[in-house]
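Heads up, the next two complexes both have chain A, just with different partners, chain B and then chain C.
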Partner chain A sequence: MYAYTLKRLIQGVITVWFIATATFVAMHSVPGDPLLNERGVNAEIRRNLEERYGFDRPIFDQYLIYMTNMARGDFGISFTQQNRSVNDIIREHFPVSAALGVLAIVFAGLGGVLWGALTALYRNRLPDVIVMFLVILGISVPSFVIAALSQLALVGLNDLVGFSVLPVAGWGSILHMLIPSLVLGLGTMAFLTRLMRSSMLEIINADFIRTAYSKGLPPTRVFIKHQLRNAILPVITVLGPAIAAITTGGFVVELVFAIPGLGRFFVQAVQQLDYTVIMGTTVFYGAFLVFMVIAVDLIYGLVDPRVRLE
Partner chain B sequence: MSNTIPNVSNSLTRSASFQLVWLGIAATLGFALLMVLLSWASALTGSGTSTLNAIDAESGTLTLQLSTEPPQLDSTRATDSVSIMILGHVMEGLLRFDANNQLVPGVAERWEIREDGATFWLREDARWSDGLPVTAHDFSFAWHAALAPETASEYAFILYPLKNAEAINTGTLPGDALGVHAINDRVLEVEFEQPLAYFEELVAFPTYNPIREDFYRNRDGRYGADVEDLLYNGPFEMTVWVHGAHLRLEKNTDYWDRERVRLNVIDIPYFTTDTTAALNLFKDGQIAIVDYLGAEQLDEVLRQRWELLRFGDGSVWFLAFNFDSGRATSNWHLRKALQLVTDPSELVNRIIKLPGNLPGKSLFPVWLQGVNGFFRQEYPAPQIALDASAAREHLRLAMEELGLDEPPSLALLVDDTPGAGRQAEYFQNLYGTQLGIDIRIDRQIFKQRLAKMQNQDFDLATYGWGPDFADPLTFGELFASWNPNNNGRFSNQEYDQSVRLAQSSLDPHIRMNAFGRQQEILFEEVALIPNYERGRVYIKDRRLQGVVRRAVGPDPDFTNAYIVENP
Partner chain C sequence: MTEFSLTAADFERVSVERRVQTIARPSLSYWQDAWVRLKANRRALVSFYIVIVLLLFTVAGPWIWAVDPTVQDLDQLSTPPGADRRAQIVQPYVPWNGVFTTINESLSDTVGATTEIRLAQPASTQTVRLVWDPVLGASGYRVYRNVYDPAPDGAVGLPLAEIYDPRQVSYEDLLDLTPTRYWYSVIATDRNGREAEEYTTLAVDTIRVITAAEAQTRGLVDLETLLSLGDEVRVSFHPLGTDYLGRDMLARLMYGARVSLFIGIIAPLFFVLTGILYGSAAGFIGGRVDQILMRFADFVVALPFLLFMILFKIAFGIGPGESGVVPMLVALVVLSWPATARLVRGQILQIREEAYIGASQLLGAKTHYLILRHMIPNTVGVILVTLTFAVPTVIFVEAFLSFIGMGVAPPTPSWGSMCNEGIQTMLNHPHELIFPAALISLTVLAFNLLGDGLRDALDARMRSRE
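Moving on to the complex of A and B:
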């Protein structure tokens, strides 16, 4: 177990290094010039800028310098916010994305498991049909549409009631998080519902369930101990990547609901060719994803006795 | 016997439903706990304070949304409009703009501008937010800092009229050679590189704002990065800055002209570039103004019967040509042919469709001042008579000179915004049907478009230019052969001389004549095809009055704003 964990962690570090290198190469081969701005500058100011950002050095030197700094945990200074370090940006904005993501995952996980179990139990009856129709909507409608519509609905609701039931946008209290995280988690919730439903159906008539009943176990115990625990395994497998996807994929939701998350920096940095922020956020999210996958594999071993981690 | 095994699936359904209820209750409890934790977390990363409605008359509070938080509040390095707007509220230079967009005394109570330099006498009661007086040294230090090569200020060029400034910025002279001297705490002496007619306009620009040396040095490179990393001397001071989440400006009670400031608090808890979200916030009564609207939002505004306000943002948009000799666009006849079929009013009325935009006629916009009145009234823009047959004749000549058998194919470089796309398609259609010229639309993201402009990798490009200061020179200079923003490398000796004259002459008649001549040359040479002077539409709460929108300087400006309870 420990050896396995160690092995996976070493693999993880190599993966992150590879992500960093690939991003560095890709970023530098994207056309465009990060130092250009609306106002063109003369050659001298240009040279001052290049010196400031180390662009006057050969590209391989830049790579070495960057990697050394990164190994020390220093992601450098943002190009667009020249007096803020990328570390500050991640430290201040990732908790926002994470808080939103946790709530979204809770919505998605609870909703997915419950709806999935429900639809499986009511297979081919009205509740199943309704929920599965909603699930298809949830999977196919993009989040920016849902985000905009739900915000519009909020405005309408507040107008109807005459006071602000829920804030339309912004950040700073739990009320600000409810709708955005629901929107953010909706796609995953729909996906998990389908997954849960099909894996429930697979085992609902399995032999070991029949055995459980025949040895006299009460149905609740059968449901919890045997059905849910077995059906939930595939859900846990996808939960790791789903958490990473939700915490990184919040760009649209953050934009529409004016939420100060890291997703915005992640996307805007690419548009602005803000090299240090691109590198910082990509490496950070890469490491995060790798870590989540490892964590899920370890948890999997705990939940599923058939899996032995070696 | 078969009864010993009950109907499994039915009893399972029933008890499982009970089970689900229990799970539901447990989940609700777990959820409540999670909520408490998350609410604590969001309070840490957010503002923590509850926000009021758009306008709170009792406390004199205004709530706003901005497209982004200010990226750079170090005035030596600020370049973008949001930073400049915030700086305009929390800082004050020697001069500032009043509610009528006129220059009025700021930190300087009086000044004298001579041929070789200027003297500013600073007021005694100008204070930093820590109570110390604003002195001439603070200006001298800020200007030195902006010009120091290691600062790498993109706007350093705006200080170049100061003696030796350019040489210091390029590293050929040491910083102490700068022609700026604090004679004592309250007298600032400035030497010019050459006579300068528009220095008053320049010192209102944020790069000329004061910075206190001891404070700046103490910040260790973080000056302007956070609320505690700034000193304020303007009408407001910043009291809260949670990055990306919340900005709060409160009336600066140490400000010398505090009687003028009628708002107590400007609260900015929303940052998003999504104008639809801004409109929703406005509809919900959370923000007092939506400062830019898109064409797609006009319907909603009209339906809601909100008052649609408009103003010119001062910028001029045009088609730029590539004058590189290898390009077809370097041919005068070709440019003339394009000019003769381009009708800017059609573009404005049919494509842009947003009120407030003016059809472009000249590089010099209508709002610029001339000698006594508006420049464009004193020096009207040359009229373009649309003439398709003359255009085709010019095209024929162009093809002859270029040795082409058929009309050339031209690359039109544009931004990746929806509006730019529609304009590009308009030009593609126009030049295709009128002249048979094939326009290839080259849509690029912001930085890549800039890089292609800079590398002269285009035939035609849509381009906009906003003023840095209120003098025709900020536009005229654009086509000087040495200007780094002259991306098509238009080069004309007479034009260059005329710009030099306008830069150094102090006589308004000579200067305006020079700009008039520049306007003619640009037309004769077809150096550009003007498209439009950009207008903006916005909406605001009727209770909010005294908001100033402007082309030059911080915009929007709330320093003169006030609240009326029953409009």
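Moving on to the complex of A and C:
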């Protein structure tokens, strides 16, 4: 177990190194001059700027400096917002994205498990048909459309009630988080519902379930202790990719709902070609996702005694 | 007692047909079986037809509805489908000097409401001319226009003009007039320029008008047709309405489908092909090479996908706001192949161990025969399913990138960028969002259901247990 954890962590570090290198190579093969859109650059200022960003050195030196800085957790200084370090930007805006993402995961996980179990129990009957129709819709409609439509619905709701029940956009209170995280989690929820339904259907007729019933256990106990607990395992395996989907999906939701998260910042940095912010954010997200997947795998080993971590 | 009389016929031999051994159904090949299964699956079949219709819409659509998607129809901006197309012929525009009073009261600290607003001539999309009674002591007037009634919450809308001359009691509105109902509010200002508490609002219905010359230059009537004032002509037809720049929605959806479906189909083809080559190489060679190849694939999988899509586009020198279909394709291929590679490698490793391969080898089959006859036919089903499921994913990615402004840039339409534009105006003109969004959803839905059906039909092991 410890050996396995250590092995996975080392693999994770190598993966992050790969991501950082790929990012570095990609950004340094950008044609053109990153300092070109600085206004009024004479030779001296240019030299200063190059020195500040380290462009005056050979490329391999730049790579070494970049890697050592990154190993120290220093992502450099923003190009467009002078004197603001990328670390500051991440520190300030990542918690917002994280709060949104965690809530979305909670929504998606709970919703997916419950709906999936429900549809399996009511298989081929009306509740199943309705929920599965909604699930297919949830998988097929792009998140930005759902985000926009839910905003529209919120406007209608607030108009109808006469006061602001839930804020339509912005950030600040728990109420601001509710609808965006629901929208963010919706696609994943639909996916998890499907998964949960099929894994539940597999278990529902298993021998140990019949045994549980025949020894006289009440149906709720069979449902919670035997069916749900066993059916939930495959859902946990896909939580890693689900977290990835929700993190990147956050970009759109943050954009539409005007939430000051890291995703919106990244999109902004891309539009302004803010090199250091783009690189820093990419590596940060990459590292985050890699270690999330490792964490999910380890948790899976703890939860399911049948899985033995080699 | 009954009598028996036996004839010679009773001693004939009974026929010797052996029905017992007949095989009731003709044997089906793998593909025939798959096709039968697919046809039995109604959802998948309907999806299959939808996909064909979508392809026809993309390929043949622009031939049938030959409207240039970049041409702007300035008579019809943001027009929903089924809007009234009638337009009245009017005289060319004649400037108007407005109405001025001679009263010159001393300015006062508080002013009352404008008493009445009139139209100097019938309101049209050419011009709306407002005249009102002077307000005692006013230092001037402010004119506002709204598209809904401001009465309930006092939202007077767009400020059109600020008139500093108290003698001027008229205003001519020429700003982006469309055939609809406007609410004009005229508010008097006091000596200090503050607006009066009370004001009057006039609801004005504008009618669409066009001059005879305009009607002819825009090709709405023949050049020979003589038009007299008050005649009715019809402005050009847009089945799905127009967008905020007056471009035909149907034509744009067709051209947008080209981008979305082109990327959605070509990119999966390429990355699945790459994955097949890579995966089968790893699977065949095996050993250390396999280990290294698959470890590398693991690294590529770990790259944050959308971030690297964006990174690649920048690396190709395509900044935000520039079109880049090819970089998007390359980035998709570079980032998406590992999933297929893993799948194919797994399949090959599995098939290699199958008993029928051993049997075939025992019968003297050569490697190329094994590959052609056993390996490829047995993996092609799985690959086809992967391909079908990859299409909606890629369409989503394209829509996402276009939505955040990193995909296809204007004026090239794509469904994603059309959604992005539609969201800006969704409150007033929902059709600009609904049509592209519905098409994306329909396409993704069709490919998903078709993929489900194909998986059930082609892949016996993955058959979903319903």
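Assume the second predicted complex is superposed on the first by the 291 of 310 C-alpha atoms of A that agree within 3 Å, B and C clash if a C-alpha of one lies under 4 Å from a C-alpha of the other, contacts with A are read in each partner's own complex, and residues count from 1 in each chain.
The working rule: a residue touches a chain if its C-beta (ideal position, glycine included) is under 8 Å from a C-beta of that chain, and two chains touch if they have at least 3 such contacts.
Note that the structure is predicted; figures quoted are calculated from it, not measured.
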(request) Could you check whether chain B and chain C clash or fit when both are placed on chain A? (result) clash
(message) If you tally the residues of chain A touched by each partner, is the higher count for chain B or for chain C?
(response) B
(message) Let me test your reading of the model: by the given contact rule, A:L273 touches which partner, first (chain B), second (chain C), both or neither?
(response) both
(request) Could you tell me if A:L152 is touching chain B, chain C, both of them or neither one (first, second, both, neither)? (result) both
(message) By the touch definition at the top of the document, which applies to A:L255: first (chain B), second (chain C), both, or neither?
(response) both
(message) So in the superposed three-chain picture, is A:E44 touching just chain B, just chain C, both, or none of them (first/second/both/neither)?
(response) first
(request) May I ask you to decide whether A:S198 touches chain B, chain C, both, or neither, giving the answer as first, second, both or neither? (result) second
(request) Once the structures are superposed on A, label A:S29 by its partner contacts, choosing first (chain B), second (chain C), both or neither. (result) second
(request) Classify the contacts of A:V238 with the two partner chains as first (chain B alone), second (chain C alone), both, or neither. (result) neither
(request) Figure out whether A:I139 sits in contact with chain B (first) or chain C (second), or with both, or with neither. (result) second
(message) Output check: A:L289 vs chain B and chain C. Expected answer is one of first, second, both, neither. What do you get?
(response) second
(request) Please write out, lowest number first, the residues of chain A touched by both chain B and chain C across the two complexes. (result) 30-32, 148, 152, 155, 255-256, 271, 273
(request) Under the touch definition given earlier, write down the residues of chain C that touch chain A in their complex. (result) 298-299, 302-308, 310-312, 314-315, 317, 319-320, 392, 396, 399-400, 403-406, 416, 419-420, 423, 426-427, 433, 437, 440-442, 444-445, 448-449, 464-465
(request) Enumerate the contact residues on chain B facing chain A in the complex. (result) 5, 8-9, 11-20, 23-24, 27, 31, 34-35, 38-39, 41-51, 65, 71-72, 74, 77, 79, 149-157, 166, 169-171, 221-225, 229, 242-246, 269-274, 276-277, 280-281, 283-284, 286, 444-448, 450-451, 454, 483-485, 487
(request) Under the touch definition given earlier, write down the residues of chain A that touch chain B in their complex. (result) 30-34, 36-45, 48-49, 51-52, 80-84, 88-89, 92-93, 95-96, 99, 102-103, 106, 110, 114, 117-118, 121-122, 148, 151-152, 154-155, 158-159, 164, 167-174, 176-177, 204, 210, 213-214, 218-220, 222-224, 255-258, 260-261, 264, 271-273
(message) Which stretch or stretches of chain A touch chain C in the complex?
(response) 14-15, 18-19, 22-23, 26-27, 29-32, 136-137, 139-142, 144-145, 148, 152, 155, 198, 201-202, 244, 247-248, 251-252, 255-256, 266-267, 270-271, 273, 278, 281-282, 285-286, 289-290, 293
